[in-house]
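First, the structure itself, so that you have it in front of you.
All chains are identified by letter, namely A, B, C, D, E and F, in their written order; residue positions are counted from 1 within each chain.
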Amino acid sequence: MTDTYLEQGERIAEQLSPGLRDALAAKYDAMLPGMSESLIGWAYGHQYARPGLDLKTRQLCTVAALTALGGQTGPQLKVNIGHTLAAGAEPREILEAIWQMAVYGGMPAAINGLNAAAEVFAERGIIPDQG
Amino acid sequence: MTDTYLEQGERIAEQLSPGLRDALAAKYDAMLPGMSESLIGWAYGHQYARPGLDLKTRQLCTVAALTALGGQTGPQLKVNIGHTLAAGAEPREILEAIWQMAVYGGMPAAINGLNAAAEVFAERGIIPDQG
Amino acid sequence: MTDTYLEQGERIAEQLSPGLRDALAAKYDAMLPGMSESLIGWAYGHQYARPGLDLKTRQLCTVAALTALGGQTGPQLKVNIGHTLAAGAEPREILEAIWQMAVYGGMPAAINGLNAAAEVFAERGIIPDQG
Amino acid sequence: MTDTYLEQGERIAEQLSPGLRDALAAKYDAMLPGMSESLIGWAYGHQYARPGLDLKTRQLCTVAALTALGGQTGPQLKVNIGHTLAAGAEPREILEAIWQMAVYGGMPAAINGLNAAAEVFAERGIIPDQG
Amino acid sequence: MTDTYLEQGERIAEQLSPGLRDALAAKYDAMLPGMSESLIGWAYGHQYARPGLDLKTRQLCTVAALTALGGQTGPQLKVNIGHTLAAGAEPREILEAIWQMAVYGGMPAAINGLNAAAEVFAERGIIPDQG
Amino acid sequence: MTDTYLEQGERIAEQLSPGLRDALAAKYDAMLPGMSESLIGWAYGHQYARPGLDLKTRQLCTVAALTALGGQTGPQLKVNIGHTLAAGAEPREILEAIWQMAVYGGMPAAINGLNAAAEVFAERGIIPDQG
């Protein structure tokens, strides 16, 4: 990865979740050398850093997909709900993206997604606007 | 379903894909009475019709999720790429939402999603902006 | 949703799990207005209320599918094991529907399903007939 | 596998689909010695042959689960719709088991399942009762 | 199952995890008669016992697949990481098989797999070689 | 991506499938600029190029996982069966890795995997050793 891709990834990761690169490195790099570089440089530096779709919409797409994929991605759904708030989405927009997934991933996946959002909002003292 | 929900669903479905309700009814209602009413009234009347998230972003979320869910939802992915264009998204935005899913659903799911988009664009003579 | 569909859904939900509508409303409607109406009116009023297949068999099908879908639907599997008992199924029939899924969803999914059933039965003091 | 399990499996497989064991053996055993014995002896001899749930309900559970699992199991869904008719289910019961899965596996999975059933019924000249 | 298949399965299961057959029987056979015989005789006696691929590679394939399948198979992933060590794999080989799955099952599945391995290694005081 | 990662990825991709980078670029880069660089540089340069597990075993793990994931990854399974032969695996080893997945991804996934392998072998005139 050129510095450009890795640096791009670090910048976006830092915007979404300050300290993410260091946290990944501390947790995984001793066990699996280069893990944090691969994740940050590729997922954020190559994929999220692309032009053509704004970061907030990218994050709402991620929340929708992780909801539909279900239990397998539970911990990452909570992390990405936080990233989506950091990218400027309203809590209500996040809830709507999750609940719409009842159509595609089934009711259980959507309900589990709502529960994940409720936990994140409770941890942060967020009360969604009921517009 | 009150007329309101069903009517709302028919209005949104008509916007995304003219004739969708009638096509569903013709294909499924003789085999399974009430199928088109349940689908249109619930999926579009209850879920897509909600305030709180604009229709274009809803559709991009759907495209992302169907990509990540993979083969199970192949035919519906193509249908929804069409709906997403009808909701005002640029082809490039659709491609970006699909490709980002390599991070969450894996490379095979993302590549299959790109192939689905390429087919829809070819059928419609669309050449994505490479900006 | 006409009163008819919503009322039908409430009647079936009440039969399967007394107080379900109110519990859903209390937990989700403030966060996501109309959530309980959409779920009860559609899932139970439209889908479960259909003629053509008895409620007990419907519930056994649900248990089988949630088992095969696996971890994503773990909490809902336990809820639906309760609903299936309420629909008149024997504990042994439920275990058989779960264990058969080893053929289709793999051994891990089936074993996790048996564990879910064992928890529900233990909570209710049920000892399955080994006939 | 004792003769008992393998024989049990052959008897049930023959009831559901005459010639199934021989068809599997002809297609797979040269490539993978013992494949048909493992499948018939285990899936039908051990799992389907169990007491505690009647064969028709077992098959409806299988149809429901294969629908919810989606594209991964498309060919087997068609095969099992045939087996479920052979086990005594009405076409309408099969359609209901499939359509109910919209709640758990999402609309795309349920629609693909209906399409599979429509193909099987068309091949056999079956017109479902719309009761 | 002939004694041969069941005995083969018991021998391999004992090699991978001493006492496995008895543990399964104690946990499941009273609830579901014959469960441990079906699992051990088929999964280990028929499938794992086959010639043509060595046991260590079989176990690495299992770890890779359970990682890609994700949350549904979380408990079985930890069990099979233990079995894979028993089959002679280095901890580092296990981590590599897991991390490679980021390409096919997505980053969340791979990260959850690394976390599962970290737990197993911590329980056993294993520190992976970082070669 | 530094030249090192991209170059590493190109070297491994060339070993597994001569011309792969150019084929990807021709098919996807006009539609989605940088796609082939991201895929080759990350999937092969970062992930497959890692030390700690030999390429043949990596490919067998990939075949196992794609089998278990099922329909979503059908086209990529066939591609990777070819890559696994190129990495030095015997046809029989590939069949064994696929069939073992019946235990984890269910019978339908394993049967579909065998069918994919049979197609690849037929295209190449390979007759697996039945040893």
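The rule is simple: a contact is a pair of C-beta atoms (placed from the backbone, for glycine too) under 8 Å apart; a residue touches a chain by one contact, two chains touch by 3 or more.
The structure presented is a predicted model; accordingly, all values stated were derived computationally and were not measured.
Participant: C-D versus D-F: which interface comes out with more C-beta contact pairs?
Facilitator: Looking at C-D and D-F side by side, C-D shows more C-beta contacts.
Participant: Averaged over CA atoms, how far is the centre of chain D from the centre of chain E? Could you give it in whole Å?
Facilitator: 28
Participant: Taking each chain's centre as the mean of its CA atoms, how far is chain A from chain D in angstrom?
Facilitator: Each chain reduced to its C-alpha mean, chain A and chain D end up 39 Å apart.
Participant: Note the residues in chain E that touch 2 or more other chains, in rising order.
Facilitator: Each of 38, 42-43, 47, 50, 66, 68-73, 76, 95-96, 99, 102-109 in chain E touches at least two other chains.
Participant: Based on which chains touch which, is the overall arrangement a line, ring, star, complete graph, or other?
Facilitator: Per interface graph, the chains form a complete graph.
Participant: Quick one: which bits of chain C touch chain D in the complex? Just the residue numbers, please.
Facilitator: Touching chain D: residues 42-43, 47-48, 50-53, 57-58, 60-69, 73, 76, 90, 92-93, 95-97, 99-105, 131 of chain C.
Participant: So in the complex, the part of chain D that touches chain B is made up of which residues?
Facilitator: For this pair, the touching residues of chain D are 69-72, 95-96, 99, 102, 105-109, 111-112, 114, 117-118, 128, 130.
Participant: What residues on chain E touch chain C, complex-wise?
Facilitator: 28, 30-33, 35, 38-39, 43, 66, 69-76
Participant: Where on chain D is chain A touching in the complex?
Facilitator: These residues of chain D touch chain A: 68, 102-109.
Participant: Enumerate the contact residues on chain A facing chain F in the complex.
Facilitator: Touching chain F from chain A are residues 1-3, 5, 34, 38, 41-42, 46-47, 50.
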